[in-house]
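Everything on this sheet refers to the single structure shown next.
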């Protein structure tokens, strides 16, 4: 029986931890979709951009060095970087600034447009960010180390003979802290309540005197923060490079499953997808040739959707005429 | 419609109407953007710097400078086609597309256009059969050679036999990654090891289940045909499950500094097959430093000099330069055509003495291309990563593949291709 | 007017009960619609009137009760099958195809009359083309009838509210239904527009002999155009009869004149 | 001045529903077609053929197909790459299995096979809507690519899974393989694009097209009018997949001549074709082509200007170019959210009324 298999539990835990990593990315999507109905195609690129910026500050890279070299300036680094914590704060600052720019330049002129138009605008945004990120920081792989523990956890290894990466445990802890603080923020602060009001009804929110612009700015900033965290976690694993932006594809089935509007949905969806795809790949994968994770995640989400078309935690769709 | 015609007119104006120059025109189909940029950048820099050095130091080859035209493909076949078509008209002598997909696409096309392709250790392996693939060259070695050499190294580590052992192949789930499977299967029949296939989908950031599979199956060795971010993740995952790194051997595209650095100290001892010696202590490097870098003409950001892929780019360029020289010698002309370039490639012979003259003393294996064998000698060495000094070093000599097995496979695949496309060999 | 009452029952609903989860929207409602009459369903908001129309055209499936149409008991049918039986309707909140022109909207109304196959459509020869022009003629009649010639090619999303209502009526009329259901056709209209709409409804009824069942709030309008009225409140049938009978019905007056339910 | 109806109004329904209601439009269109058919083939070079025309024609067919599904029927799909793969592999099996089959038939049968697969993967659309459906179609995208990578029969057991197009002809003229004449493939694809644009036009002006649009605009009302949502949605999936299958078959056999599922038919394809129709204009035939031109030809244009003329290093040129294209997308959306084709329409309206603006 499979549950007697010692690997069953390990794959289960690995799946859960991977699921947390997916959920981290999905969270960014959910925040923006909930507050503004925008399916933010640029979320993956946002994570890449955040991670690139962080590494840039950390290692003291000169932005646009490659572009400057056209004019005969051949330096690539300032000589010294910032300590990690300062770099993190600066990167966050950049994300907040970026959020403001996005709201002012892209979203403000597109208020009240249909979802597909806004979706398209975020595609344009993704192009721009990808280009700017690469141009600013270069397209080579960058090592990202912010001092998180790495390697298998000795304690768990000794106790259970399982290899659980400390990095992933930290990711899980960070994710939990993030979700809890987001929840507290939206429940107990004035701004959080305003956010929820916007999510429920744009007009109503406006009529009580909350500026939609401000709300959007905050949402995109928070989503930038989430992107930074996701970028750090994924980047620590694989180095920071273009492929980092493709993690968005891993978040989509999570969104489908959890619903585009639910923060707990993103977490639970991430866990289900993580565990589901890992179990399938581990036990069924070898029988049919392997590399099933990509499509299986979507198939799993699709199956759920056939029974709950609005996702696990999505608001129920009521059809009326 | 208006926009379309406008764009097309402009495209034509700048794209295809540039007259063929008297220089040796070599297109460089590079990828400095997209998911594989980290691998494409050093390679392209290496090629560019070497060619610039030849132009600066020798004024080109046989008095004719080389005109390198770089064209960005982003590792994308469609854009590779555009690059091919836009440079073809400018008298391109040879193509090295740096992508398995583009190579496959170009093989019939370039053959029909009488332009040679040099896919250096990538592309279609059976193109080593020069009799069928008259215009395609893949020396100094093919993937099947690499697979065989890697297995050989494993056998050496095990004292000569892999009987009853288990070897896992972790591969990029694409045409490139699937290349070594047949060879490894054949070899497993011969040497009695069990082969375990573990595909990883592009891009490959999540490989937890793959490496759990490794833990469960407990292979004695893991070999990897990875590319891009997949390499970095695989190496960190392998380290995380404490797989002995000296029993983890990658192909030459999973062998760069980029692949091991993100994993930090844990990657110490990782092995990969190499085409050339790492490091910069060679005459050619000194010349590049003197004529190109010190002159302020370094390609790209100039930060890739000395990396494995940069050296490989140099090596690729050196082959091209030497092939032009050979073609000039055969045809007795300074200006050569793509057809002559093909002859030059087909008669390319570089022994160690010649390598030393060229500034590559003890750098790589000898080259001996013949009409029948476009795969050169098919030699490779094993290199190992030292994480503390952050350097690669060769730990074996350049050794040959198991020719019996590899040649039979090449023969079979080439003759299938020949039958499909009605090719009767051009050598006899 | 009197002679209509001897006509056949075109529609009869018997003892309909409809629940959503724990909420009962309609409870044991029965009434009939006679061929050729204008039948009004009135009642306060939330009385279950729209739900009743949704039951009649098959969008909701009642837990209990029977629907008889043209003398036959109707089994479980999908809304589009019911459309083929000859029931068309308009909606309380306009449900036009916003991205399409007036003409296309009304042409879509004739969907049940168009039967050419995919192949014929692809090559636009033979049946497809012929059928298109024949139906176009019928649609033009509707357009003339509703006096909306000038907005034929306008995207309906850009039309003012009153005209949209009219186009929606046109779309339903184009189907040449046996029974036409109108859900608050005059909601949100000014007096003039209401007069126009009333005239159209009466004309439809008289010229084409179409049976009309409508939901309306404006008692004045109902008095003017309806032959018979059924009154619903809290999902129940609380009165049924001629407009005159209804206004003198105490229960109805209570329901309307705000005898508090609390 | 010339650009207006002669007198007003049409005397027959036939002329009212004609494809081009204005004479000048008609003349322009047929003039352009005549030039494209009778003059361009004499001048078309391989560069133009392989880098400009073929990609433009083939992506236009794919965009038309997706526009039927997304623009006309309102079902957002991200499975285009997977369906193109079905077309490509079906054509490969036909070309290698039945060597004497005419290329036109190969392409059509490949389209039919894709239509069947499309219907199968369209089934979830009956329950799932909007972005959920878009993401759900990604399941087909990933699954199909995985399948063609694993299923050895589909690539004739070649060791790597790469497929190569052998030389085949259309009415005796080679249109696939390495040594085709540029004019031959040009005309072949142009002809197919013309046929498919005409088919689209016919479908969307009849009751089937209206049933799609009705489902798109208000599915519940459509059902109550008599549109069977099952048939409407699945027929849209079938027709759309047919087009996309044809595009996939042409993409592999006529244009590239070789393909590998994980690269040629990856998720980027699906996104690119979706971008084309949104930028060009949802629910517009001309828009599909404008969008294809925008996504396919603009980068080539920029590349040639930046690298060819200005001599900027390729990578900087590439980054600048994607920034520019991204900015252009945003700019267009802000200026005209309904796609570039809406610009065109506004321009025409103004021309028609000129010199009196109101």
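Just so it is clear, A, B, C and D label the chains in written order, and each chain counts residues from 1 on its own.
The definition used in the following text is that contacts are C-beta pairs under 8 Å (C-beta built on N, C-alpha and C of every residue); 3 or more make two chains touch, one makes a residue touch a chain.
As the structure is a prediction and not an experimental result, all values here were calculated from the model.
Peer 1: Need the graph distance between subunit C and subunit D over the touch network, please.
Peer 2: Step count on the best path from subunit C to subunit D: 1.
Peer 1: Look at all chain centres (mean of CA atoms) and spot the one farthest from the centre of subunit D.
Peer 2: C
Peer 1: Looking at A-B and B-D, which one has the bigger number of contacting C-beta pairs?
Peer 2: Most C-beta pairs in contact, of the two: B-D.
Peer 1: Measuring from the mean C-alpha position of subunit A to the mean C-alpha position of subunit C, what distance in angstrom results?
Peer 2: Averaging C-alpha atoms per chain gives centres 49 Å apart.
Peer 1: Suppose each chain is reduced to the average of its Cα coordinates; what separation in Å results between subunit B and subunit D?
Peer 2: 36
Peer 1: In angstrom, rounded to a whole number, how far apart do the mean CA points of subunit A and subunit D lie?
Peer 2: Centres of subunit A and subunit D (C-alpha means) sit 32 Å apart.
Peer 1: Which positions in subunit C are in touch with at least two other chains?
Peer 2: Residues 59, 91, 95 of subunit C touch two or more partner chains.
Peer 1: Residues of subunit B that touch two or more other chains: which are they?
Peer 2: 32-33, 37, 41, 173, 201, 300
Peer 1: Could you list which residues of subunit D touch at least two other chains?
Peer 2: 146, 149, 220-221, 224, 313, 315, 319
Peer 1: Inside the complex, what are the residues of subunit D that reach subunit B?
Peer 2: 32, 45-48, 50-52, 55-56, 96, 146, 149, 158-162, 164, 166-167, 177-179, 255-260, 262-264, 266, 286, 289-290, 293-294, 297-298, 300-301, 303-305, 307-309, 313-315, 317-319, 340
Peer 1: Inside the complex, what are the residues of subunit B that reach subunit A?
Peer 2: That would be residues 32-35, 37-38, 41, 173, 197-201, 203, 205-206, 208-210, 212-213, 215-216, 228-229, 232-233, 236, 239-242, 258, 261-262, 264, 266, 296, 298, 300-304 of subunit B.
Peer 1: Using the touch rule from the top, collect the residues of subunit B that touch subunit D in their complex.
Peer 2: 1, 3-4, 7-8, 10-16, 18, 30, 32-33, 37, 41, 70-72, 74-78, 81-82, 84-86, 88-89, 100-101, 104-105, 107-109, 111-112, 124-126, 173-176, 178-179, 181-182, 201-202, 300, 409, 413, 416-417, 420-421
Peer 1: Note which residues of subunit D are touching subunit A in the complex, please.
Peer 2: Per the stated touch rule, the residues are 76, 124, 127-132, 135-136, 138-139, 142-143, 145-146, 149-150, 220-221, 224, 267, 271, 275, 278-279, 282, 312-313, 315-316, 319-330, 333-334, 337.
Peer 1: What does subunit C use to touch subunit D in their complex?
Peer 2: Of all residues in subunit C, those touching subunit D are 57, 59, 78-80, 82-84, 88-89, 91, 95-100, 104, 107-112, 114, 116, 118, 121-124, 128, 131-133, 136-137, 140, 171, 175.
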